[in-house]
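Shared chain: chain A. Partners: chain B in the first complex, chain C in the second.
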Partner chain A sequence: MGFSLTPAQADAVLSALKQDYRVYAPKRFPKQGRYSDTDVIRYAEVERFSDIVWDVKSDYPAKEVITPIQQAIFYFTEDEYRASKAKTKPILILARPCDINAQHIQAKIYAGNGGYEDLYYKRVRDLVKFAMMECNGGDDTCFCVSMGSNRTDDYSLALKFSADGVQVQVTDDAFAPYFAGMAEADYAPAFVEENQLKVTVPDLDDKAVRLALKSHPMWKEFNSRCVSCGACTVACSTCTCFTTRDVIYGDNPEVGERRRVSASCQIAGFDQMAGQKEFRSTAGDRMRYKVLHKFHDYKARFGERHMCVGCGRCTHRCPELISISATVSKVSAAVEEIKASMAQQ
Partner chain B sequence: MMNPVQPQACTILSVKKESVHEWTFRVATDAKPAHGQFMQLSIPMIGEAPISVSAQGEGWLEFTIRSVGKVTNVIFEKQAGDTLFLRGPYGKGWPVEQFKGKHLVVITGGTGLAPVRSMLNMLADDPDYVKSVHLISGFKNEEGIVFHNELEAWKEKFSTIYALDNDAKEGWRTGLVTTFVKEIPFDSFGGNYAVVVVGPPPMMKFTGLELMKNGVDAEKVWMSFERKMSCAVGKCGHCRIDEVYVCLDGPVFPYTVARDLVD
Partner chain C sequence: MNHDINVKKMRLNCFRQSKVPGEFMLQMRVPGGMVDAKYLSYVEHIANTWGDGNFHFGTRQTFDITGIKYENIPAVNAYLEQYIKEVDAELCGVNMDTVAHEPQPWDPKAGYPTIGARNITACVGNYHCICGNCNTFELARKIEPIIFPSHYHIKINIAGCPNDCNKAHLCDFGIIGVARMTYHPERCIGCGACVRACEHGATRVLSLNEATGKIEKDPCCCVGCGECVKACPASAWTRQETKFYRVILGGRTGRQTPRTGKMFLNWATEDVILGVLKNWQKFSAWVMDYKPEYLHGGHLIDRAGYKKFKEIILDGVKLNPECLVAEDIFWHETEYRSNFNVKPMALHHSAGPQNG
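On to the complex of A and B.
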């Protein structure tokens, strides 16, 4: 079932959808960007069709809708922990294929790892349906095709935006009524089949190669380049880590909340235990840890695919211009060097 | 929906001072952990800390805690009758079933004795469970010694070597635990043995190397890890090393896995 909507019709459909769903999409926040006078595009509830930013990639990922940067998980008095309550209104997220794939990756950790299902993730995720935004090709930091995350079939609606309005494919009957009376159109979404940027993930299955890679001098470069700010983690579509923190309200030490706050393995202290020395004490150690998680460790644990979806947001946000794709190329070069020297022995 | 991070209020039954900085808290709970598992101890407004179960009985568990920071310092202000919040048990403990009928060698450094204490007590009560127990326990100095009563009692049940790193003490040896590995009669075990190592990371690393030097089979060695944790249920990522989560796959690991993990 396909439709073609003018901007005015799209506004009407959005209003109707908003009766039943919280509708989230990339939205422009003027002058909150990285440099003065630049905007930031991040996920938020949209009011009007014109709020939706579809022509450029959002700076921040769709994951923020499901796993906010911080949330209260318990409220407590001195003798009770009460789990926070969540809204129950269903959620519709407008997202590109990379962001939808990223949710399948996060689910392996939040809803599966060790057989534990995280309440705070699950109760939001179960409310979510996706409206896939057909991607117009991304930008020069994208490499979704290399990571196999350019396609998805997890969507209730597919949308192709243009200045003239939006074309819609309805794959979930529950959404059909919202489009009753609209002009039908023969629309099926297309997927990006090639990015400007191509990344070859090196084969790290060999344990000896992997061990040699971990102590390879390539990581030292980041000691001087990476400032350990963690901006890459905040922007990442798939990073899941968090820290738990208790806070007291105002000056009443009797009441407060236990909060979950996003954490970055790139920031010093991530692995710090009280009274012990840090295991990863340099920016290079931490970069190695992140890169190997994204391009080996996650897949080694959960099978199927790598953690990185190739959205390029980390490259885009890094104040030190560290590029994830260039880093993977350096890993490939190091692996070649290691394999060559092993062959000689 | 179940909430795997929901803490439950529990009452502290008693507090025992093992040393200046290490106290044992007995807490009322029906939780039935396996030997070597840990729980998350929680104080509202302060935070949580993963702590090994150091002993267990009908309706209670013991935790031997070192006061080192925010949460543990506040736990030290608690007394019998006060409330402590618990969740768990978590992680994989010692593969006790696999130790049945074998010679068991246990090597600990400092409070590394806590995560093996409940297993050692079980073995002391049930001497036929294993063929023999050889225990090497090292402490930094006299002040660091914990579980005085049990150390005495175990002398009767097990083959024991107790040592201080540098200081002399009557009936005790002087030196790092690694020095005494060669005194374990591995040759007499006919291959039917298992080795358990717990302590600070450098102690475990060097003990592992020393065991290998003495011809011990890597496949028969087990170690327990401590890493930064926030959730204990495989979600927060703090404890991850390579593709392994210490809170889920550990804290106890076979040496063949442990030796190749790179933080």
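On to the complex of A and C.
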């Protein structure tokens, strides 16, 4: 069933939904951007319909709702400890198809990897339902179609926003009561069928090609260009890496909490082992690791699809204007070069 | 040609005397150094019609057109009417029928009424620059009607950030856009990028507390540059919405006593900056006993003494709670001549009301 809501009606529905759900959506934080007088759009609980930013893509992904940058996982007092408590109120996340598809990848890492389900992920994820925001095509960093993440059927509501309000498709009966009395309308969501940007992922099945690619000079470019800040991985819809940190509350070292904090493979020290050994000591090495993880390794392990959903946020947030799609194209060129060279031998 | 030209009158009209007798250089005001590019056609027209075809970027960001013959100045001034009206009167809201806020009708065919308050210079600021903390030329446009037209001199330079590319440290009243930051520990991944950025590019006020994985700050020495915000991969540092400014006072170049300015105000809001500048005329008039001389603002502060300056310039200004004011300022001048200030009493300058 479908409905057409004015902004005032949408506000009323949102108020009703908020009785039963924590409603998260992209929200504008004025003047909190990297540069003066620029905004940040990131996920937060929304109070009003007008809080929802639908016309441009968020700077940060929907994953922050489920796996925040920082969370306490347990508290300890001498010989006792207890897990942090999670809120139990259900969550409704307004997200574009790329972000919803990204959650399927996050689920693989947190709850489908090695036969272990991560409690802190699972207890939040199980509360989540999606309201799919029909994507208006994204921007010139998006390439969801190339990555096959432009479509989804994992949603309870589909929403098409406009200046006049919102059209809604209700696919989960549990949400029908919130729309009682609203004007019905024929609405079925459309999906982005073509992006301005098209990315062809290189074929890296051949181990010899991968080994040659590892030492290919293309990565050297990033030693001077990439500043290893990790903005790309914080903005990534699918990156899951975190570290843990024990915070001692005072002068008694046995009282405190253990936190989970996002980590980034792009930041020096991420892979440091005992004895100060680092596997990837240059920005180029770290870039290669990230790119191959997103465009080969994940798929090699889990099948189905690549890890990258093509949301383009890493490109969008990179302060050095490094484009992931251009980088993948450079990998493709390098792979062609390697294959040609191998054919000659 | 007839060389009987009142060059001081020409200078007041923004035409600078050339080494070629009878030729002048026009200086067109460009408040904040930013105008619609369409005005370049005005520059081209003046240069090709009445000038020598050349154009110089004035050191104070004026459009300077050389080689204008004295007899053509009335024609140039008549042509300037539209530029002055559009840029000063309309864009900046300058009341052209005043001088130092006193009524004095402006003849729109007669060009600039005074050279007094110099063109306000500015870097491009946050309109373009990734470092800028404020919109420099919008601030310049708000200041222009306060200081112009006036026969009292003041050089104002606006820099968008403490990098001070526009040299706020080398003018009477230098304004630097600064940001006060908010730290969001819940978004901090403890990577230390801000610590390194502050260490390499600013004043080393940040440190990573290894025990908490969070950042600690010595706010006292923060210069407000915003490098931490730029460096943060997770938006854990953000600039506060309110714009703040630092004022660097009394800097100057010159043959006698060049010196770098010193901090007068820190963390002042725009209202405070505009309020202070509204007292500039009053201060200048008091020092020179209402008889404007061709003398820049920093020299007036020397004559009055900083404490007297502070008393007049802050009169009626409501300081924002964050605003800090220098209790005293001790400038350090280049000593071209030792004991430069020790001289016969008759050579001393006066300040304040003079008898007779």
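Following the convention adopted for this analysis, the second predicted complex is superposed on the first by the 339 of 345 C-alpha atoms of A that agree within 3 Å, B and C clash if a C-alpha of one lies under 4 Å from a C-alpha of the other, contacts with A are read in each partner's own complex, and residues count from 1 in each chain.
Operating definition for what follows: a contact is a pair of C-beta atoms (placed from the backbone, for glycine too) under 8 Å apart; a residue touches a chain by one contact, two chains touch by 3 or more.
What you are looking at is a predicted structure, and each value in this text was computed from that prediction instead of being measured.
Visitor: Given the touch rule stated above, what does A:263 touch, chain B (first), chain C (second), both, or neither?
Guide: The answer is both, since A:263 touches chain B and chain C.
Visitor: Taking the superposition as given, does A:42 touch the first partner, chain B, the second, chain C, both, or neither?
Guide: The second partner, chain C, only.
Visitor: Once chain A of both complexes is superposed, is A:231 in touch with chain B (first), chain C (second), both, or neither?
Guide: In the superposed model, A:231 contacts chain C only, not chain B.
Visitor: Contacts for A:306 in the overlay, against chain B (first) and chain C (second): which applies, first, second, both or neither?
Guide: Neither partner.
Visitor: Return first, second, both or neither, reflecting whether A:245 touches chain B, chain C, both chains, or no partner chain.
Guide: In the superposed model, A:245 contacts both chain B and chain C.
Visitor: Touching A:69, do we find chain B (first), chain C (second), both, or neither?
Guide: second
Visitor: More residues of chain A are touched by which chain, chain B or chain C?
Guide: Ranking chain B and chain C by residues of chain A touched puts B first.
Visitor: Could you list which residues of chain A make contact with chain B in one structure and with chain C in the other?
Guide: Common interface on chain A, chain B vs chain C: 245, 248, 263.
Visitor: What residues on chain B touch chain A, complex-wise?
Guide: Within the complex, chain B touches chain A at residues 1-7, 9, 42, 44-48, 66, 68-70, 72, 83, 85, 200-201, 226-228, 230-231, 233-238, 240, 242-245, 247-248, 260, 262-263.
Visitor: Residue numbers of chain C touching chain A in their complex, please.
Guide: Checking each residue of chain C against chain A gives 126, 130, 132-135, 160, 177, 179, 185-191, 193, 211-213, 226, 229-235, 238-239, 241.
Visitor: What residues on chain A touch chain B, complex-wise?
Guide: My answer: residues 73-74, 76-81, 83, 109-110, 113-114, 116-119, 121-123, 207, 211, 214, 240-246, 248, 253, 256, 258, 263, 265, 270-276, 279-280, 285, 289, 292-293, 296-298, 300-301.
Visitor: Going by the contact rule set out above, which residues of chain A touch chain C in the complex?
Guide: 29-37, 40, 42, 59-60, 68-70, 229-231, 233-234, 245, 247-248, 259, 261-264, 267, 317, 319
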